[in-house]
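Chain naming follows the written order as A, B, C and D, and within any one chain the residues start at number 1.
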Amino acid sequence: MPEHPKSEKPKLERQAMCDRLAMEFQDGWIVNLGVGMPTLCSNYVDPGKTIINHSENGVIGYGPIAPKGQEDRHLVNAGGQFVLAQPGMAIVHHADSFAFIRSGMVDVTVMGAYEVSENGDFANWRIPNRKGGGIGGAMDLAACAQRVFIAMEHTNPRDGTPRLLKRCKLPITAPGVVKMLVTDLGLFEVTAQGFLLREHAPGWTPEEIQHETEAKLIIPRDLREFRFRD
Amino acid sequence: MKSKVYQTFDQAVSDIPNDVTIMFPGFSGIGVPRNLIAALHRQGAKGLTGISNNAGTLDAKAPDVGTLIEAGQVKKMYCAFTSPTHPSRVTAFVRMYNNNEIEAETVPQGTMAERIRAAGAGIGAFYTPTSVGTELAEGKEHRVINGRTYVLEYPLHADYAFIRAWKADTFGNLQFRLTQRNFNPIMAMAAKTTIVEVENDVVPMGELDPDAIHLPGVYVHRIVRIPPAPQGIWE
Amino acid sequence: MPEHPKSEKPKLERQAMCDRLAMEFQDGWIVNLGVGMPTLCSNYVDPGKTIINHSENGVIGYGPIAPKGQEDRHLVNAGGQFVLAQPGMAIVHHADSFAFIRSGMVDVTVMGAYEVSENGDFANWRIPNRKGGGIGGAMDLAACAQRVFIAMEHTNPRDGTPRLLKRCKLPITAPGVVKMLVTDLGLFEVTAQGFLLREHAPGWTPEEIQHETEAKLIIPRDLREFRFRD
Amino acid sequence: MKSKVYQTFDQAVSDIPNDVTIMFPGFSGIGVPRNLIAALHRQGAKGLTGISNNAGTLDAKAPDVGTLIEAGQVKKMYCAFTSPTHPSRVTAFVRMYNNNEIEAETVPQGTMAERIRAAGAGIGAFYTPTSVGTELAEGKEHRVINGRTYVLEYPLHADYAFIRAWKADTFGNLQFRLTQRNFNPIMAMAAKTTIVEVENDVVPMGELDPDAIHLPGVYVHRIVRIPPAPQGIWE
């Protein structure tokens, strides 16, 4: 394996990464945002689109994060953040919430990951040499949502090793489900042929991004620079 | 019919023997039956099997299943999180699990919810697409139905469910508030004996709209209203 | 098969039959009454006992039949009779109502039948030579309730043929589930040894009842006359 | 987002093609989507598969799935009653079924409810104790689980569900009144397209208590408020 020294070049900010995924959301989509980075997707608001936020603890149609002092102590999203009620919101119990997930009602789930492979597998629940795992609702969402989008750093923040792999090394969360992936180096589509680099971070060449990547990237003719929110 | 209303949490859990299975609802600290858990901690029943989304947090002021685990009352956990979500969060469960002092089965959250629902619905087993192709499906029976692969999962029954509700009537009809609902209704349906702590009020029968009941009172056996702090735990 | 001429002796009235079954209900029992004769059980009220009426269309704890003019057009029992709301009543949807049934929450279901056999089988949903059947919720209730009680005429009203049989001739609703049976000739318990005549209709000897019955009746020493409501 | 509110029942059912599967809720005449059925009768779609507790009654003033059956629009029924409950009650369905002019599958009511629920819950199949030892279990896969015998049953999916509700908001969140609820919520969850007739009112989003919604609006696609009689059918 080649060495992967930490690059000094500026990479994409987490909010920009999540904005970019959120720009892909379509009007009327039901969206489930995983704990951590993916929740930043909700900061991107396109007034031309209605996005319905689903949280696996049984909220359909919750509103923005509650400002300090406006928290309702009975209303949190799956990340445990207090959110605001929004007109049209409905509450169901946990079995009904996952009935909703399993029957394919979620248009997109956005999750973090440790690894994504070029065949669309991803791993985000279990690290070897550590007993057990934290699966939460990720396997249900990954197996059953219409689309899985991933937001993660392109390389391991600790040692710089690549995370876009030929095959996942960690135990996977679901096989062959990732459709789109944003990292701090760009936007990728997972195709039948592998990772397609759709947009690159400003200042990063495809070759430099490939150098940070184990899997072979497909570089299309219409590769463009990363699109930030307007 | 004997009244379901108990005066104290200690009375409501006093007869729980060792070696039973108990369901503990709650999600992100909401809808957690903290008062009943604290009472069971005082009561001391041991050898328990717990069914819960997580296996406790690090907040010492807010009793949860982790309180019972730390006290050595729990033998086995079924939960969706068996390792810390962050390496620094080493709960009592994680420490004991790593030292093989407690057993655990990692269950995907939706599969856990459906296994609990199956127990309350008299279903013998069901096929779910969740976990197919992963380590958690290894050794489980697979079946292809209409071109899609499923794994067979079995119900999770319990002897007791501890429940946290918003409002009750004296028959045990329950209402929950917002995301307090989470696992509460399905756990109450899956357990032989359901014990409830109530936040807001216990009202006479007839005061709750029959169309606005989240759990019918036939599933509820004991009801305790949470007293004001500091006696009651309101976290 | 022996001939079964219609007896001229008075038999038990339907209300008396259903009263007698209802006298067996215990305080706090959840009771599901089948369409037709079994609904008469709800006319027996013991003020010392709380009985919770469940109806498979999702009502738990409904009250008495609605008097003329007091009908709520959205509230019926499984027999389609308008009933009164009762304090403590709760409504669930059909899947939850049968979840309730299948998980054994119903303490007793009372049904009509065409035939009952000495091993506890019974038939109440399908007549041969007629295509199809009317199963409704009877199979779910029969398979899953804690106890099945049957109320029916002792012999076929059309031709006087017996209905307490060695083995059912009609397609059964559930095998081996009947615990107690009231007919217009008496009260029977279904035991491992067969039909035990517990109480006989006034004026009817065990021999006369046996004559109307295909299966061999067990006549206990403490056989008594039918108990009517006080 | 496109508005879900339609002005007429005819508009709401206009694009339903032939040969689709439709769920028709209702129990004892309550919660039956009569206006939508009457509109589909006018529209004329044929070759339909119907899923419904019964296969119609003899009340000509109250349109139900029997109206579509009598008009020859229905090819097959899944229902809990395939013969008359009383010999004198010979409905159009019974006549046609006896003449082999329509197909039918007799499904125990609870199994039907659970098969519909399974479709809306993404379950591939499930084991139920109902019907074991009877003619209806013949040919089905059996399995003994913890000493009890179960049969394997598969989900019932639909292209459309016709729903009758009490109250809706414009997003499609629904409330039902008392035993009107019956099959309505689970059928809405099991269908690709859900069309609702509303008795009481269609209110703006935010007017329904999020804790008092029986069916989340995400399952609802078209909403029509029932006009006053004689245009609207209020039976």
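Here is the rule we use: contacts are C-beta pairs under 8 Å (C-beta built on N, C-alpha and C of every residue); 3 or more make two chains touch, one makes a residue touch a chain.
None of these values were measured; they are calculated from a predicted model.
J.: Give the fewest steps needed to get from chain A to chain D, where each step moves from one chain to a chain it touches.
T.: 1
J.: Most remote chain relative to chain B, going by C-alpha centroids?
T.: C
J.: Count the C-beta contact pairs for C-D and for B-C, then tell me which is higher.
T.: When B-C is set beside C-D, the one with more contacts is C-D.
J.: In whole angstrom, what separates the CA-based centres of chain B and chain D?
T.: Taking the mean C-alpha position of each chain, the two centres sit 34 Å apart.
J.: Using mean CA coordinates as chain centres, what's the chain C-chain D distance in Å?
T.: Taking the mean C-alpha position of each chain, the two centres sit 30 Å apart.
J.: Roughly how many whole angstrom separate the Cα centroids of chain A and chain C?
T.: Computed value for the inter-centroid distance: 58 Å.
J.: Using mean C-alpha positions as chain centres, tell me how far chain B is from chain C in Å, no decimals.
T.: 38
J.: If a residue has to touch 2 or more other chains to count, which residues of chain C qualify?
T.: If we look for residues of chain C contacting two or more partner chains, we find 85, 91-92, 95, 98-99, 101-102, 144.
J.: What are the residue numbers in chain B that touch two or more other chains?
T.: Those would be 114, 117, 121-123, 128-129, 177-178, 181, 210-211, 214.
J.: If I apply the definition of touch given earlier, which pairs of chains qualify?
T.: Those chain pairs satisfying the definition are A-B, A-D, B-C, B-D, C-D.
J.: Within their complex, state which residues of chain C touch chain D.
T.: Against chain D, the touching part of chain C is residues 35, 55-59, 72-76, 78-80, 85, 91-95, 97-99, 101-102, 126-127, 130-140, 143-144, 171-176.
J.: Once bound in the complex, which stretches of chain D touch chain B?
T.: Listed in rising order, the residues of chain D that touch chain B are 114, 118, 121-129, 143, 145-146, 148, 150, 154, 175-178, 181, 210-212, 214.
J.: Of all residues in chain B, which touch chain A in the complex?
T.: 27-30, 53, 80-85, 94, 97-98, 104, 106-111, 113-114, 116-117, 128-136, 166, 177-186, 214
J.: Chain C touches which residues of chain B in the complex?
T.: Contact set of chain B toward chain C: 1-2, 117, 119-123, 169, 171, 173, 189, 204-206, 210-211, 213, 216-219.
J.: Which bits of chain A are touching chain D when the two form their complex?
T.: It is residues 27-28, 30, 50, 52, 54, 60-61, 85, 87-92, 95, 98-105, 144 of chain A that touch chain D.
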